[in-house]
Amino acid sequence: MITLSSDFGSPYPAAMKGVIAKRTDARLLDVAHDLPRQDVGVGAFWLREVLPYVPPAVHLAVVDPGVGTDRGAVVVRAGEHAVVAPDNGLALPAARRIADEVEPFRLDYEGGAGDWLADPASSTFHGRDVFAPAAARVHEAGVDAVGTIPGITPATEVVDLRLPEPELTDDGAVGEALAVDDFGNVITNVPGAVLEGQFQEWAEANGVRASVRRTYAAVAEGHRLITVGSHGNVELAVNRGRGDEAFGIDTGDRVSLRWP
Amino acid sequence: MITLSSDFGSPYPAAMKGVIAKRTDARLLDVAHDLPRQDVGVGAFWLREVLPYVPPAVHLAVVDPGVGTDRGAVVVRAGEHAVVAPDNGLALPAARRIADEVEPFRLDYEGGAGDWLADPASSTFHGRDVFAPAAARVHEAGVDAVGTIPGITPATEVVDLRLPEPELTDDGAVGEALAVDDFGNVITNVPGAVLEGQFQEWAEANGVRASVRRTYAAVAEGHRLITVGSHGNVELAVNRGRGDEAFGIDTGDRVSLRWP
Amino acid sequence: MITLSSDFGSPYPAAMKGVIAKRTDARLLDVAHDLPRQDVGVGAFWLREVLPYVPPAVHLAVVDPGVGTDRGAVVVRAGEHAVVAPDNGLALPAARRIADEVEPFRLDYEGGAGDWLADPASSTFHGRDVFAPAAARVHEAGVDAVGTIPGITPATEVVDLRLPEPELTDDGAVGEALAVDDFGNVITNVPGAVLEGQFQEWAEANGVRASVRRTYAAVAEGHRLITVGSHGNVELAVNRGRGDEAFGIDTGDRVSLRWP
């Protein structure tokens, strides 16, 4: 299986899938192609949340503001999975979630060693010309054999990316809004465990008070709640409404949680 | 084959697909993941219109404003098809369109009897943790054997949902706008047969006059028409424009049709 | 493999896929279902850019403002590929890009000769009732055998569509904006080769000056650039922004390029 994730919208992902289908019969699974444009951090967050639910696969992931510059390209092996991505940190949070040990390789797409590379490769669409053929090649060789593929060599140094960690205090936590989902739920980096014992009470997020509840429907329609989302983190939501608007919090904002 | 329908947007459906792909090699077919948010009636309408065109399959359908509450979960068998959904009526109009007799089963996702259930299951994403594993399990057992699966038992009572029926009169009909599609076409519940003999004439919808025609292009660009849509019902449209805006009618509105 | 392209949004494409899946086990690949609504020229452009990257396949393509009128329906054979589409020119630019010689056939969907046709066929959704079953039938017969299928006969005349050609001058070029992609990049019909020797210089597009660069990130964030896009044509862009807004140019506009 090969999964595909990008911020490409439509119809560019179809060109990547065509390139892959010319090289392998692997099953294809779209994770998302509407990741927030050129936002590596939010892309890394969504990959970390979704990829662990997928069977062992090669994951093609492209959020790539540096396309065509001298930024590198990597394959990160994580157990039976491999993530093929620009060397901008995008792959690492997901890889570390999948496996305790991750092993990065470098895609030598300029050196001419890779027999998998599109010829000629454009400067503006490496998803199609570099990453898609590399993902197909890794799938065909098998994740265990990634190091034997011409043009793919162990990487001594890669761009790291760690999603921000929250600080826990006696009466709350200070974290960050990692993403806002399509429902308008604000997903923080604060672990849901901090709410244990707080259900049926209230809490404040950046000074805005809301009920602490396990389910959206436990508050009246249009009312705010603070809950534990499906990713296990504290989430700011509105039953049948948008949490981001009701709390005034967007991706990347600091989130200060306080309870009585 | 397993089809997937939801109001989840992106990328949550990919987690459901991953969960399924870990359990079965079934082909996956997306019906829609942009169903109107938390609107069970419109979701039920679209499932009824699309699922009959699909080969025998297990249909995973999640529009679920009550997720995490004590609302139940069902599998509705309809001939060679089965719909796995929250017990909120979502599955029934499609199931009844597919087969004359439908047979509901209950998913015991809290009793611990289901060997298929994700452990632990979240309170906020039953699509991933309850319905997706159940759909995979039903697919693997076969629709005929659904009653033999641990944790799936015949249901004596389920939440029913019937889409509203129109009233036909001598010079028209009074119905409801069941949905507005992405083109802006207003799809009513009035059967297209009432227009027989009216083509090349005009009619009124809520007092707004328009030509009755078989095809959009039979009126000039930007002009209103009343036609029979691909679902067989009366549809209010504009050639190369939006019918909902031109007629001032939205989903759920009463639609009064009158002809000369 | 069968690819699908349309301006249908959601969930109508799922009905097409169901119709196909009832007739063949062919792999399905979505190219796009958000092609600009009823714009045959832009649809033809995107098909031309994407389909050559796909392995030999039957390509179902529906942008069809004339649905239900007496416009015809075609299968255009191009090497090992075939494009099934309304007879409005949509298929031809892609077919010509794939193969030097293209061979058009007519789908006799009204004459009753086609054993593949849905019965009854609606007047408003030929994607589901005419083109999807025809694509499945062509796939099952094989592209080489398309002429042996009942109801599919050699076409003597089809609606042609050629994308506009640019004029090259001594100090520039005059072309047209063929499309704007989801990033806001303006894709012109001017071949990228005209920029050879201009990189590290500037140029003007409709009087708006911008750097000529090979990659988006070669200019500062928010700055305009003129580059060669992944389709090989001159593209007007903004690093991490929208070129269409910064240059004031939309699909179909004349683009006058001038360099020093």
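A few points about this structure:
As written, the chains take the letters A, B and C, and residue 1 is the first residue of each chain.
Methods note: a contact is a pair of C-beta atoms (placed from the backbone, for glycine too) under 8 Å apart; a residue touches a chain by one contact, two chains touch by 3 or more.
In this text, all values refer to a predicted model and were calculated from it rather than measured experimentally.
Interchain contacts join each chain to each other chain, per the touch definition above. Interface residue usage between subunit B and subunit C, two copies of one sequence, is largely distinct: under half of the residue numbers at the contact are used by both copies.
Centroids built from CA atoms put subunit C at 31 Å from subunit B.
Shared contact sites, meaning residues of subunit A that touch two or more other chains, are absent. The touching residues of subunit C, when paired with subunit B in their complex, are 8-12, 14-15, 17-19, 21-22, 28, 37-38, 65-69, 122-125, 128-129.
Within the complex, the subunit A residues that touch subunit B are 1, 3, 5, 27, 29-35, 46, 49-51, 53-55, 181-183, 214-218, 227-230, 232, 235, 240.
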